[in-house]
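The structure under discussion appears below in the form of structure tokens.
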Amino acid sequence: MDSMTIIAVVSIIMAGLTTGFGTMGPALGEGKAVASALAALAQQPDASATITRTLFVGLAMIESTAIYCFVVTMILLFANPFWTAGQ
Amino acid sequence: MDSMTIIAVVSIIMAGLTTGFGTMGPALGEGKAVASALAALAQQPDASATITRTLFVGLAMIESTAIYCFVVTMILLFANPFWTAGQ
Amino acid sequence: MDSMTIIAVVSIIMAGLTTGFGTMGPALGEGKAVASALAALAQQPDASATITRTLFVGLAMIESTAIYCFVVTMILLFANPFWTAGQ
Amino acid sequence: MDSMTIIAVVSIIMAGLTTGFGTMGPALGEGKAVASALAALAQQPDASATITRTLFVGLAMIESTAIYCFVVTMILLFANPFWTAGQ
Amino acid sequence: MDSMTIIAVVSIIMAGLTTGFGTMGPALGEGKAVASALAALAQQPDASATITRTLFVGLAMIESTAIYCFVVTMILLFANPFWTAGQ
Amino acid sequence: MDSMTIIAVVSIIMAGLTTGFGTMGPALGEGKAVASALAALAQQPDASATITRTLFVGLAMIESTAIYCFVVTMILLFANPFWTAGQ
Amino acid sequence: MDSMTIIAVVSIIMAGLTTGFGTMGPALGEGKAVASALAALAQQPDASATITRTLFVGLAMIESTAIYCFVVTMILLFANPFWTAGQ
Amino acid sequence: MDSMTIIAVVSIIMAGLTTGFGTMGPALGEGKAVASALAALAQQPDASATITRTLFVGLAMIESTAIYCFVVTMILLFANPFWTAGQ
Amino acid sequence: MDSMTIIAVVSIIMAGLTTGFGTMGPALGEGKAVASALAALAQQPDASATITRTLFVGLAMIESTAIYCFVVTMILLFANPFWTAGQ
Amino acid sequence: MDSMTIIAVVSIIMAGLTTGFGTMGPALGEGKAVASALAALAQQPDASATITRTLFVGLAMIESTAIYCFVVTMILLFANPFWTAGQ
Amino acid sequence: MDSMTIIAVVSIIMAGLTTGFGTMGPALGEGKAVASALAALAQQPDASATITRTLFVGLAMIESTAIYCFVVTMILLFANPFWTAGQ
Amino acid sequence: MDSMTIIAVVSIIMAGLTTGFGTMGPALGEGKAVASALAALAQQPDASATITRTLFVGLAMIESTAIYCFVVTMILLFANPFWTAGQ
Amino acid sequence: MDSMTIIAVVSIIMAGLTTGFGTMGPALGEGKAVASALAALAQQPDASATITRTLFVGLAMIESTAIYCFVVTMILLFANPFWTAGQ
Amino acid sequence: MDSMTIIAVVSIIMAGLTTGFGTMGPALGEGKAVASALAALAQQPDASATITRTLFVGLAMIESTAIYCFVVTMILLFANPFWTAGQ
């Protein structure tokens, strides 16, 4: 295998792994947060504005870690510095 | 094995892994969120509008991580930059 | 092994893995959701309409991740772009 | 090993793995759902009609993921496209 | 090793694995369901008819996933299409 | 190694694995069921007839998965179709 | 290594594994059952006859899976059909 | 390595593994049973005779699985049929 | 493979792994924190200012560990000292 | 490596593994038993004689499984039958 | 591969692993601490000064372990003694 | 590698593993026991003499399993019978 | 690879692993301790002096295990006896 | 690799592993003990003398297992008998 093929291969592998596994944590964390928000709403419906706002900020923070993974995947696939250097 | 075959092979492998494992987290997270929503509905039926709306926003956020995985899989199968570069 | 055989082999492997493991998460998540729905029904039978509707929407969302896996499996088996390209 | 043997071998392996592991999730999920249904029946016997109906719909949804696995296994054993292509 | 030996070997391996591991999930799921049924009986003895009937339907559903595994094992041992094709 | 030796070797391996691991699930499931039955008896001694009967049916169902494993082990050791075919 | 040595080696390996790991499940299951029995006795001393009887039947069922493992180990060590066939 | 050395080696390995891992389950199971017995004694000191007797029967059953492991280890070390056959 | 290729390859691999796995912990930790904040809001709506402020400080601390991972990934991809040294 | 070296090597390995891992179970089991005993003492100080006696019997039973591991280690190190046979 | 390449390679690998995995523990620990702080605030808003101060000291302690990991990563990347020695 | 080197190597490896992993169980078990003792003291300060005495006996029992590991490590490092035999 | 390179390589690997994994335990343990301290403060604000002092002593003890890991890492990187001996 | 290099290499590896993993158990155990002590202080501030004393004795016991690991690491690095023997 020539050098560029190897780099392509590992880029593909890591692109898949980073997104495939890296979204597990956020998905579970968001599930937990949403579940807690719903329980909070059922317990204190009057505070729904505060609860919803806090939930959205929290989801955004958690989603950011999933975004990091997706960004790294996109960099590896479409803006890979080592692939560009070898071309 | 020539270079393109290797790239095809790892693309197939990662396509399967990314979707196969990457949907575990969202599925479990959504299961948790739905379960919590149902418990909230049983406890406070009057707040069903708020609960349902919050649930759907939450499910959409969680589903987004599954979508990331599916998108990466589709890119690897049908718009693979390294495969195109080698053709 | 010639190139097409390798592609066939990994396609078969990933077809099985994607469905075999990818349906674990949805199955467990749906089990959790259904279990919670039944507990909710026992606690608040009057809200059965809302509970059942919410459950079905949630199950559909969770089932969608299983569908993704099944779709990828079918693509790998019957519409594999790399297999077609090699024929 | 000639190409067809390899394809046969991995088909057998994945047939077993897909069913053997893929039925774990549904079995556990159904166990959870049935357990919850029984607890619900003990708590609210009057709602047995609703509970039973919801349980059966839920079990059908969960069983569907097991069916996916079984279908993929049957395809790999008796309608394997790569095996047919090689004959 | 000639081709038929390899096929025989992997058939034996998968036959054992499919049954050996595939029955774990159903066994645990059934244990959970039975445990829940007994707790329900202790709580609400008057509903024993409904509880028992629901339990048996549930056990049948769960057992079906164990049956899938056993069927695949039997197919691999006694009606293996690849073995028959090679004879 | 000649072909028959290999078949013998994997038959021995799978015989042990199938029974050794396949009985874990039933043992744990039965332990859970029995534990629940005893708690139910302590809570509702008057329903001991129903509880005991339900327990035995449940244990029989769970034991059946252990029996599957044992049957496959016995088939592999004493009625192995591939061993017989090779003799 | 000649054929008989290999068969002896894997027989020894599986003999140890089958008993060593196969007794984990029963031991844990029995521990759970006994623990539950003791809690039941503390809660309802008057039902000690029923509880003890049910416990012993349950322990016998669970022990049976440990016995399966021990039997397979003894067969592999002292009545191994493949070893006998090779002598 | 000559045949007898290999048999000695795997016998030593399995002797250690069988006892080293096989005693984990019983130790944990007995710990659970003893812990439950102590809680039962604290709750119902008057039933100490019944509790102690049931505990000892239970511990004996659980210990039996550890004994199986120890017996297999001793057979492998001092009465190994394959070692004897090869001498 | 020449030296620079190897360095490129491991840089890609570690870039993906560091972000893919390193964001799991923060995502789960933030999910837990947000869930707890929502429960706290439901219990004590009057303290929402203090709760929200404490939550944001906590999320910032947890997010910092995800940032570390992302920084290391960016260093490996775009400011790799070993890659620069070899050019 | 000559035969005796191999036997020495695996004896050392198994000696360490058997004690190193085999004492995990007993340590955890004893920790659970002692913890339960202390809770029982706090709840029912008057029954301290019975509780202490039962605890010591239980600890002795659990410790016995650790002793088995230590005995096998000592046999492997100082009374290894295969080492003696080879000298 | 020459010596310096190998050292560069393992430095990159360990840099990623140390940060990628080493931040999991702190992230989860901080999540737990923050969650507990929020629950404490909801329960006792009057003690918010003490709670916040204790939380920040605790977070600093936990963050210190993440800092250790980050420091080791930076040393490996930019002040590697073995790399410097080889230049 | 000559024979003595191999024996030295595996002795070092097992010395580290036996202590490194073998102390996990005791540490966790002792943590549980101490935690339970402190809870017991808080609940029943008057029984502190009995609780402390029982705790120390229990800690000694648990510590004994850590001592076994340490003893085996010391034997492997400083009184290794196979090393002595080879000198 | 010459001897010094190998020693450098494993020193780097173990430096990263020791800190990367060795700080997980302390981080989780400290998180638990801090979480418990905050709950204690919320329950008994008057005892904040005692609680805070006990917490800091405990954190110091737990942090000491992280320090051990960091010290070993520093020894391996900057005061490695085997590296010095080989220079 | 000459013999001394190998011994140095495994010594370094085990030094890191023993401390890196061996401190996990004590750290978690101490975290549990400290957490329990703080909860006990909040529940029974009057018994703070007894609780603190018992906590310190317990921490010392748990810390001892971490010390064992550290001692073995130091022996491997600075007083390695096999290294000394080979010099």
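We call the chains A, B, C, D, E, F, G, H, I, J, K, L, M and N, going by the order they appear; numbering starts again at 1 in every chain.
In the analysis below, a residue touches a chain if its C-beta (ideal position, glycine included) is under 8 Å from a C-beta of that chain, and two chains touch if they have at least 3 such contacts.
Here the structure is a predicted model, which is why all the values come from computation and not from measurement.
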Inset, instruction - Note whether the interface between chain E and chain F is symmetric in residue numbering, meaning over half of all numbers used appear on both sides, and answer same or different. - result: different
Inset, instruction - Take the average of all CA coordinates in chain F, do the same for chain I, and state the distance between these two points in whole angstrom. - result: 46
Legend entry - Between chain J and chain E, distance of the C-alpha-averaged centres to the nearest whole Å: 37
Legend entry - Between chain H and chain G, distance of the C-alpha-averaged centres to the nearest whole Å: 10
Legend entry - Contacts with 2+ other chains: residues of chain J: 11, 13, 15, 17, 19-21, 24-26, 28-33, 35-37, 39, 41, 43, 55, 59, 66, 69, 73
Inset, instruction - Pick one for the touching-chains graph, please: line, ring, star, complete, other. - result: ring
Inset, instruction - Follow the ring of contacts from chain A in the direction of chain B and write out the chains one by one. - result: A, B, C, D, E, F, G, H, J, L, N, M, K, I
Inset, instruction - Would you pull the chain M residues touching chain N in the complex into a rising list? - result: 3, 6-7, 10-11, 13-15, 17-22, 24-26, 28-33, 35-37, 39-41, 43-44, 46-47, 50-51, 54-55, 57-59, 61-62, 64-66, 68-69, 72-73, 75-76, 80-82, 85-86
Legend entry - Parts of chain E lying in touch with chain F, wherever the complex brings them together: 1-2, 4-5, 8-9, 11-13, 15-17, 19-21, 23-39, 41-43, 45, 48, 52, 55-56, 59, 63, 66, 69-70, 73, 77-78, 83
